[in-house]
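Below you'll find a set of structures to go through.
Across the two complexes that follow, chain A remains constant while its partner is chain B and subsequently chain C.
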Partner chain A sequence: MTTEMAEPASKIELPASVAGDGEIPTFHITLRVRRYDPEISEEARWDDYKLTMYGTDRVLDALHKVKWEIDGSVSFRRSCAHGVCGSDAMRINGRNRLACKTLLKDLDTSKPITVEPIKGLPVEKDLIVDMEPFFQSFREVMPFLINKGHEPTKERLQSVEDRERFDDTTKCILCAACTSSCPVFWTDGQYFGPAAIVNAHRFIFDSRDDAGDMRLEILNDKEGVWRCRTTFNCSEACPRGIQVTKAIAEVKQAILARKI
Partner chain B sequence: MQVHKYDVVIVGAGGAGMRAAIESGQRARTAVLTKLYPTRSHTGAAQGGMCAALANVEEDNWEWHTFDTIKGGDYLVDQDAAEVMAKEAIDAVLDLEKMGLPFNRTPEGRIDQRRFGGHTRDHGKAPVRRACYAADRTGHMILQTLYQNCVKHNVEFYNEYYVLDLLIVDEDAVREDGTPYKQKRVAGVVSYDLASGELHVFQAKSVVFASGGAGKVFKTTSNAHTLTGDGMGIAFRRGIPLEDMEFFQFHPTGLAGLGILLTEGARGEGAILRNSEGERFMERYAPTIKDLAPRDIVARAMANEVREGRGCGPNKDYVLLDLTHLEPAHIEAKLPDITEFARTYLGVEPFTDPVPVFPTAHYAMGGIPTNITTEVLQDNDTIVPGLYAAGEVACVSVHGSNRLGTNSLLDINVFGKRAGIAAAEYSKTADFVELPEDPEAMTRGILDGLLSGNGTERVAQIRKELQDTMDANMQVFRTKESLEQVLRDIASFEERYKHVTVQDKGKRFNLDLLEAVELGFLLDMAKVMTVGALHREESRGGHYREDFPDRDDEKFMKHSMAYLDNSVTAASSAESVAGIRLETKPVIFTRYEPMERKY
Partner chain C sequence: MTTIETPRSGKIGSGKIAPKYNRTGSSRGNFEMIAWLFMRLSGIVLVVLIFGHLFVNLLVGEGIHAIDFGFVAGKWADPFWQFWDLAMLWLAMLHGTNGVRTIINDYAEKDSTRFWLKMVLYAATLVIIILGTLVIFTFNPCPVVDGVQLPGGFCPAP
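Moving on to the complex of A and B:
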């Protein structure tokens, strides 16, 4: 296969004011992918791929180029390809990111770009991990509105300020970038992890919800918020810009304030 | 063979599937099968809002919403369905609020509402604030809220179970007038477990299709990689017709070159489209509501500006979405995500620079035909007992030839709920239909054929060429010649598809194989769409024929119905292609006479 096949993310030429000289620069990268397929070998390995990419391409475009033109067995999840579905969280140059939101030009392309599965969850194949333990923790914090009052005929009222109180944690896309960046989670898989706490926070601080105490009690558990060591990895990893560590701190304070 | 038995099986876990599951799961034993994880579904990418005539911020009523929907669809809408949707919209929004959806609020604490394309006060007099929203993440909030409520109700999910076949049994039956016919009955589905590579048969009394659209037939699209028309394709291959497939919506404001969606809500909040001369060109195309005209009109206007040399950028191949006159704080509060997309992917700062945009393939108006109870039709009049469809995979038809913005989030909630209730209620009275002998046979044949192939053709190469010809010839502007070109191309792709090779021969997460299967559905759907477009010699809504620029109610005020029919050969029909038979179905009118569509 010699023809250029995979389309760049964007072939659009922007005005000089935005894109410099307007030409789309191409450049060469080495993509170093962590490979693992227990059907073939119990050993994981690194495979290097030399690729020519465009200035606006993302890591996901590089992975697609490998899969579509070189080796179809390279396996990774992806769907929306613009950072809203949360399928393609992976460890890129040692940091958790979404492959579809990480532009190659923002990485150091003079060295190989390493791509590995997120840590702390069992690897199934290549970049695909078992997400079930992650979603199990999510389900355990009762991530749904519980309101004990009478159902109004119209909507429940909520002030603009009350709505704003939990806005940040409504942005979570359950990609697991935060949880799988947490050193506590790596060593203790029982820890709820940042994402579950973020989703508990979203309801604890929702003025319409009546089950905050129950959630705080769940998170007061030995595998709950107190395991957090405030390393801020989670906040740095979040592709939605959620201030995860702050949300965890607010949950800790709420537990202390209510003296459960 | 692994066989599971459920009262109700729902295929797809986006908005429509999960809304159905919440109803069905509380009434009957229900399983939801998805080729992704529920929260990865593309409902989450919807941005701007969900319309309902709550009248929270200004006078409004559901009859105006009904009218706008029908006019927006250029009168090809089934009016009974549009009435149902606009009327039930109000409860659909309130349901979501009670489930916990964090809508933006008015100063009084009510659900806030904003303007959206084609939604008007009093039958077109002026834009109306009808779209309920949560910043520009309304779809995300709907998807999360529905998933949260599925967790609450212990809905049983089979994640990464890719449904590949619908098990249908043909029974001899007789119509009231004495003519014999084949009555289709649903027995279940066959799915492929991505993790293990094993096939699983799900026997069910009711099956609900809620598997979304087929936008990946186009290159420039707002759709996810996974939206490959599987549900439509599966039904079509089993003899269910597909309705109005020639109508595909191109959303005006995709990020240029990328197709990533920038919500129409941006224009609802005051953003303006400009050409290379800085002109607000929509004033010429839709003098009354300008930038808030329906999507087909705006998309065509943009493509026309580019074609006539008034495009922007070094290659004059896009126009600009201008938000620079809006307050940065207002943009930050109402449109945080799309401004981030512009920064991340194009490096453009929307506070100070206009954003390059061009139409992007967005939504299939057509799909599996249903009545307003979401029962699937096997022909114009006959339902398939126990088979339901809702959301983008279905054609009920509330969108006609052009869907209004926000009406898809509404569609999935209103008709998803109806499907869940109807499927569960049916399962209480029905018996299981006996599984056909060797139910996995067709699926195993497809998979084994692809795995054992040793040709030289690559899936990605054929898919790219398909997407290229669809973008070039089946997009906003169409002609007889361009459509015939697509059909010639597809014929050659189908031949090459027989010789594709799948490199990954393993059983575990074989996504290489999955992409090869998806390409088969994409080819089928592209062909059905193009045959419909060739046959429809008029221009209506999202379908614009340069060689037939006017709407022709006399000949074409009717739905098209495409059937798989191997007795049709290329030579037997000038307008069809081998294997597809086209028929028509009457449009349902209640109270609105077709008028000329002006904004």
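Moving on to the complex of A and C:
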């Protein structure tokens, strides 16, 4: 038996900041979290936590540190922690972002970093909001394939161009960052919201789907696409980089083209 | 066994969503689409009408120094300018009213507030449009009351 050779030293040159014995720079931050616990008080309050974090840490890591080491009562949602599940959308320094995709070093660490729940949805506790009103309008646009033709025995084929047509809106992870950044949605929550329209767009412009007209009819509503004021908050908030306002404009044009 | 409480935002028996956050049923119809289209089309026409109006009133001939009662009276003697000003009045008023209507829809928080603000808005719009239209078509630069010429200075004696 030959003994396995020890792994040779890495030949890849690393920048000075991560060289040496793999030391990552640390810095101090103040995390200011919006706290709300209706069992204690109906009033929300701010709690400050002073933390020492690493250059590779995200806001989610700071929240973990608080919850695991300082105050276990801090509540927030997160599932995959890698920007795919869309659970941890929150208002960080006044902007809707995913806590798991926002690096602390990209924020202004000289000032407290504020973390609030997303706006326009009922807060359950701390950073957790009730997403049900959001999903209600999502369900209304019928976000599933409706095909009237015969059921094929294989997959439904589609040309590259046809697939490209709605590619951008397939990226949605339903984190609600867009809808809860929309000032029209903040007013009364009756507006369909960018996320529902994006998911309608994904099927309206899908060549395999036959219910596009039905969805256009649903969105030609008093609370539908015409309430969009093109403030671009949604496009700015989307952690997936979807051109949300553009998608809404395309749905508007599709409704117009169908009616006229 | 522990039971998990229903979310605070929803009351037991009323479905999952609190009434405040529940979406009211759909309200189809093309009104919002037509209003949206009207804003864009009237906007384009208004740019032409308003800049034409400013150009003729302020820049042509003696320009701003020529504007007086007689100048306006002269313009309204011409059906072309009557129509121009009428179009400008109607489009500007409807364009502006629709704009304020959307602002009220966006910013009013209570349904009753929203309703009354819009009623005030529509009443004001109606008064101005009717009054303006009346003035454009019934304008008489030399009104005579009880056989006496009202002071104007430039009208021929009756």
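Operating definition for what follows: the second predicted complex is superposed on the first by the 236 of 260 C-alpha atoms of A that agree within 3 Å, B and C clash if a C-alpha of one lies under 4 Å from a C-alpha of the other, contacts with A are read in each partner's own complex, and residues count from 1 in each chain.
Everything below uses one rule, namely that a contact is a pair of C-beta atoms (placed from the backbone, for glycine too) under 8 Å apart; a residue touches a chain by one contact, two chains touch by 3 or more.
Computed from a predicted model, the values in this text were never measured in an experiment.
A.B. asks: Classify the contacts of A:Leu256 with the two partner chains as first (chain B alone), second (chain C alone), both, or neither.
C.D. replies: Touch status of A:Leu256: second partner only.
A.B. asks: When the two structures are overlaid on chain A, which partner does A:Lys50 contact: first (chain B), second (chain C), both, or neither?
C.D. replies: neither
A.B. asks: Output check: A:Ile218 vs chain B and chain C. Expected answer is one of first, second, both, neither. What do you get?
C.D. replies: A:Ile218 contacts chain C only, not chain B.
A.B. asks: Considering only the touch criterion stated at the top, classify A:Lys111 as touching first (chain B), second (chain C), both, or neither.
C.D. replies: The answer is neither, since A:Lys111 touches no partner chain.
A.B. asks: Is A:Asp188 contacted by the first partner chain B, the second partner chain C, both or neither?
C.D. replies: Second partner only.
A.B. asks: Applying the touch criterion given at the start, work out whether A:Ser79 contacts chain B, chain C, both or neither, answering first, second, both or neither.
C.D. replies: Touch partner of A:Ser79: chain B, not chain C.
A.B. asks: Touch check for A:Pro38: first (chain B), second (chain C), both, or neither?
C.D. replies: both
A.B. asks: In the overlay, answer first, second, both or neither for which of chain B and chain C A:Glu124 touches.
C.D. replies: After superposition on chain A, A:Glu124 lies in contact with both partners, chain B and chain C.
A.B. asks: Once the two structures are fitted together, what part of chain A is touched by chain B and by chain C alike?
C.D. replies: Chain A residues touching both partners: 38, 124.
A.B. asks: Spell out the residues on chain C that touch chain A in their complex, using ranges where they run on.
C.D. replies: Going through chain C, the ones touching chain A are 7-10, 16-18, 20-24, 26-33, 35-37, 102, 105-109.
A.B. asks: What residues on chain B touch chain A, complex-wise?
C.D. replies: For chain B paired with chain A, touching residues are 36-37, 39-42, 44-45, 93-94, 97-100, 102-111, 134, 137, 140-141, 144, 148-149, 151-152, 195, 219, 224-226, 255-258, 260, 312-315, 317-318, 337, 341, 344-348, 353, 356, 458-461, 464, 502-504, 506-512.
A.B. asks: Spell out the residues on chain A that touch chain C in their complex, using ranges where they run on.
C.D. replies: The contact residues of chain A facing chain C are 38, 121-122, 124, 130, 132-133, 136-137, 140, 183-184, 187-190, 217-218, 220-224, 226-227, 229, 252, 255-256, 259.
A.B. asks: Looking at the complex, which residues from chain A come into contact with chain B?
C.D. replies: 1, 3, 5-7, 9-19, 22, 37-40, 56, 64, 67-69, 71-73, 75-87, 101, 103, 124-126, 128, 131, 135, 138-139, 142-145, 147, 151, 154-160, 163, 166-167, 170-174, 203, 206, 208-209
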